[in-house]
Amino acid sequence: MTLLSVENLKKYYYSGVFNKKEIRAVDGVDIEIKSGRTLGLVGGSGCGKTTVARTILRLVEPTDGSIVFDGRDITKLRGREMKNLGREMQIIFQNPETSLNPRMKIYDAILEPLTIHKLCSADEENEKIHRLIEIVNLNKELLFRYPHELSGGQLQRVVIARILSLNPKFIVADEATSMLDPLVQAQILNLMKDLQEKLGISYLFISHDMDVVEWMSDEIAVMDKGKIVDWK
Amino acid sequence: MKKLNDIRNILKEAGNNRMAAIGGAIVILLVLIAILASLLSPHDPFEQKLENRLLNPCFEYPFGTDNLGRCIFSRLIFGTRYSLAIGVVVVGITASVGTTLGIVSGYSRGIIDETLMRIVDIVLAFPGIILALVIAGILGPSFLNVVIAISLTHWPAYTRLVRGITLSLREKEFIEGARALRASNIYIMRRHILPNCINPIIVLATLDIAHAIIFATGLSFLGLGIQPPTPEWGSMLKAGIPYFRISPHLTFFPGTAIMVTVMAFNFLGDGLRDMIDPKINEIILVSE
Amino acid sequence: MSLLKIQDLKVYFNARGKTVKANNGIDLEIRENEILGLIGETGCGKSILGRAIVGLLSDNVEIRGKIVYKNEDILDLSEDRLRKIRGKDIGIILQNPSAALNPVLSVGNQISEIYRYHENMGKKEARIRTAKMLEMVGIDPKRMHEYPHQFSGGMKQRVMIAMGLALNPGLLIADEPTKGLDPTTKDKIVDLICELVINRNMSLLLITHDLGVAEKMCDRVAVMYAGEIIEIATIENILSNPQHPYTQDLLNSRPKKGLKPTAGESPSLSSPPAGCKFHPRCRCVIGECPKTHPQMIETENGTSVRCFLYEDN
Amino acid sequence: MLKYILKRIFLVFFVVIGVTIVTFSTMHFAPGDPAEVIAVARYGDDLTQEQIDWVRVTEGFDSPVYIQYLKWIKHVSRLDLGRSLVTSHDILEEITIRLPATFKLAVSSLVISLCIAIPAGIISAVRKNTIIDHLCMSAALLGVSIPNFWLGLLLIWLFSLTLHLFPSYGYGGCEHLVLPAITLGTSMAAITTRLTRSSMLDVLNQEYIVTAKAKGLDEKTIILRHALKNAMLPVITFAGLQLGFLLGGAVIVETIFAWPGIGKLLVDSIYARDFAMVQGCVLFIAVLFAFTNLIVDITYAFLDPRIRYEKT
């Protein structure tokens, strides 16, 4: 069953006040991801892979094209449904150090999605958080520390725990492990694969490292200058 | 409970930072003086005894008397109330207004940001004292008008500082992460941007109290601030000028009082700055 | 013959009251005309070792041990003598090129000042040498008057290389020269450094966490973990027959080898575990490991490793 | 860089418009009926209501606000700031007479401030946490904390009353300039010293200073060639702002020393409730300040290569 299908996705930026230059970051991209599967997206820097991810998540408004997620057309979604969409689609960023609010303790960071979507009452809180940190195997003492006291690998785990609190169906991993050390990268990638098997999450895995993408994805799309040029 | 140990370790850290400790101690002392003014002052600050005009400091009058025979020591103690009040009230207004505008304009960018920044440019186009002078001149001298005059000219400092911080925060991934969670803009500003601006604001506010006090006493010195007979340091200093040759102590003691108070806040501000984020270079730039 | 010998180097500095043992007894030798790789994860103290060699650490740092370069111990050299070595004998390419270049000076100036300062060359002559150097690292000499912000990441890295090699030093230390570069630029930089180092018969100490780069460039490799070196061997031995469990895990974590993960986190340098630093995460812990601290031992094929598994034979 | 300068020029134009609006509204919201005030000035105290109404009509005070503003702007753009309500002299003339005094005081105090602050700031940054650093910093802290009007009084008491070296007020030869310039100069030097030190420390912690050390350069060369240029950028901008501030902002010092500058004119006209003059002064000072800021921005663009050469 296809979870996400994207047709003719376009995103143009306009620069310059007088000479209107049109930059075609994403120029007609078609993507299809089946539920519980991973699509790898590879390409040099500036090929538009990050813009594709941000447009699908509607963090950036697409110029053209349609996005159908879980059977619903979400290209023009607004208001309440848009908010619910936030529970099903999530993103992991490249730099763990800046992915968490430096002033917010880890406990509150993991709890935040639940508070925003008002999904859990006060007494359930503790139990939910402990279950989440077990899944991503983080130890308990870290809960009351601040992000600057944690290592890159630990921070990325907190980000994953945070996202899992809303049990999403689809996660975009935008160069999620490219800033991590080899051993830590292996840990995180294996964690993501286990989560896929256990919870049936599908990934759009973006990276410039071909070996990692091959290990991680079922299908791979290669992008260049805003278009998909090869499909493995 | 969380809040308590945050405050405790800030105090602990303040302890070992010498400047913050000294500044903090003097400030607390001044606040006590202001509160217990009526108990501490030996004489009634308004009672005029013409026979004791222009006495030099003696046992009866520790700081001597002014041209109307009033005890300068008591008037200085009551004066603490006005200076601290102006400092705190002005900073309270300008910090809250300036910060809100700074966050809104930094976060929203686009038209709102442009217009707010142009308004800030216009207000800053007048050298600080000029606008305040004119407003006080028009509205007439009084405590409230002084507060209004200084507040109207001081809020842009916070807006610029906070906008700078918001713009740099906006680039960070955790803001986009919150947007991916579909959190509302208000929530993001309140829960993510504001907490990260608090520390620089505290530092700027402390330095700004010092600034506001100098400003207020300057206005009174020009006769446009708080009018005699209220025992405000600026007006006391101005009243002492005609008798400058024969009894300089009339101007000496109010001047020292202003200096000590302002120095205490500058000390505290510098100490906090070193403790919290030593390289907030633009705080000095913005606050001066 | 050995170019640089590091004997029992200890680098401690205190951060927030705790002493951080960044280098905890390092013994390392760099031979002439050799590319030695220093591999380790973030926070294992490898960059600090690189900077300690040329004395670039800040002054509130406590350094003990010896760094012998051409029978002179760098650690107790006078400031002037140390400056001479830094300019002429040991070049260093610092980690983050976009922060390591002065934004208000032109790229040409930042290179020609080395010639004018150390060999008090005239302005014109220095400019010619700079142009030659830029050409050698693949930058169009006409761009000499441009400023760092007008160069891309890869180009800035080339400027750093040109700066490090300006006075033709005997030893070059390159700290993460390929970090943050996309794959194509990374390969170009690797080839450039290899070519320059080899045909100028210099030695290179390559500091990196990227195994792929080390594989392509190094003759010998030293693996560092939590402030100390745990294995030194030729690149072939490291790849084909890694001895220390950590080196094995490091190699298995590569995508080619199936990204096999190792549990746990690398320890903090301010409170490292007792005994062998790797024992909390090690697959083959034996009785001795958590208690006593293992010493480096020579094993048969010239590899030296710090692990009790190889104690007896 | 051209784009940067054009943007700045457009912004200054915008700010000047805003300034005119603010200054006009100060006149408009001033208490009392402007027509009556002018009538009094023209016909003396015992005047009839018709005279006031006559003035209101002729001066156009009865028309809606924006028309009054437009009329006023027309005059201002032709450099006619109107007449003083009290002395009915031409306002612009009054201001231009006083300009040299303000300019002399501004430049001399800025020179004093920079000559003290820049060396002090640099030395205390380079020799951090030594005696000289603590000395400079406490002096700077004292300078920032002393209100300049009290400092002025102290200097008068010391130098003119007791030592009789300099006149305590008035305008004339350069001996009159000494005390006001020192008062203003030292209090500004305090602020600039703190800024220079903080900016220098910021630069000395940058990575490119480590690169300079790695090239084997000695400390003096590193400071002069690498650190100074970067550290001075914010200081020069700040000095430019201070100059703009001084061309009108030295109100208090001018008042103490009876220095016939624009600031003093403004204060006197506030006392005399001569709101036309107040408006003229404020407008002149603000526009002057806006243009000095523009010049500061443009010089900054030349000094900082990151703006001079946008990314190719």
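Per-chain numbering from 1; labels A, B, C and D assigned in written order.
The definition used in the following text is that a contact is a pair of C-beta atoms (placed from the backbone, for glycine too) under 8 Å apart; a residue touches a chain by one contact, two chains touch by 3 or more.
The structure displayed is predicted, hence computed values, not measured ones.
K.L.:
Check every other chain and keep only those touching both subunit A and subunit D; list them.
P.N.:
B, C
K.L.:
Could you tell me which chains are in contact with subunit B and with subunit C alike?
P.N.:
Chains in contact with subunit B as well as subunit C: A, D.
K.L.:
Select the chain whose centre, defined as the mean of its C-alpha atoms, is least distant from the mean of all protein C-alpha atoms.
P.N.:
Taking the mean of all protein C-alpha atoms as reference, the closest chain is B.
K.L.:
By raw count of C-beta pairs in contact, what's the busiest chain pair here?
P.N.:
By number of C-beta pairs in contact, the leading chain pair is B-D.
K.L.:
If every chain is reduced to the average of its C-alpha atoms, which one ends up farthest from subunit A?
P.N.:
Max centre-to-centre separation from subunit A belongs to D.
K.L.:
Whole-Å distance, subunit C centre to subunit D centre, using C-alpha means?
P.N.:
From the centre of subunit C to the centre of subunit D is 53 Å.
K.L.:
From the mean C-alpha coordinate of subunit A to that of subunit B, what's the distance rounded to whole Å?
P.N.:
46
K.L.:
Calculate how many whole Å lie between the centre of subunit B and the centre of subunit D, each centre taken as the average of the chain's C-alpha atoms.
P.N.:
For subunit B versus subunit D, the centre distance works out to 21 Å.
K.L.:
If you average the CA atoms of subunit A and of subunit C, how many Å lie between those two points?
P.N.:
That pair's centroid distance is 34 Å.
K.L.:
Can you list the subunit B residues in contact with two or more other chains?
P.N.:
Residue numbers touching two or more other chains: none in subunit B.
K.L.:
Quick check on subunit D: which residues sit in contact with 2+ other chains?
P.N.:
As it turns out, subunit D has no residue touching two or more other chains.
K.L.:
Which residues does subunit C have that touch at least 2 chains other than itself?
P.N.:
Within subunit C, no residue touches at least two other chains.
K.L.:
Which two-chain combinations touch?
P.N.:
Once each pair is checked, the touching ones are A-B, A-C, B-D, C-D.
K.L.:
Can you check the complex and tell me which residues of subunit D touch subunit B?
P.N.:
11, 14-16, 18-19, 22, 26, 29-31, 141-142, 144-147, 149-150, 153-154, 156-157, 161, 191, 194-195, 198-199, 201-202, 205, 234, 238, 244-245, 248-249, 251-252, 255, 263, 266-267, 270-271, 275, 278, 282, 285-286, 289-290, 293
K.L.:
If we count contacts the way the header does, which residues on subunit B are in touch with subunit A in the complex?
P.N.:
Against subunit A, subunit B makes touches at 2, 172-174, 176-183, 187, 191-192, 195-196, 198.
K.L.:
Name, in rising order, each residue of subunit B that touches subunit D in their complex.
P.N.:
Those in contact with subunit D are residues 118-119, 121-122, 125-131, 133-135, 137-138, 140, 210, 214, 217-218, 221-224, 237, 241, 244-245, 248, 251, 255, 258-259, 262-263, 266-267, 270, 279, 281, 284-285, 288.
K.L.:
Considering the complex alone, what residue numbers of subunit A touch subunit C?
P.N.:
44-45, 151-154, 181-187, 189-190, 208-212, 214-215
K.L.:
Can you list the residues on subunit C that touch subunit D in the complex?
P.N.:
Per the touch definition, subunit C meets subunit D at residues 54, 56, 80, 83-88, 91-92, 94, 96, 99-106, 113-114, 117-118, 146-147, 149-150, 160, 163, 166.
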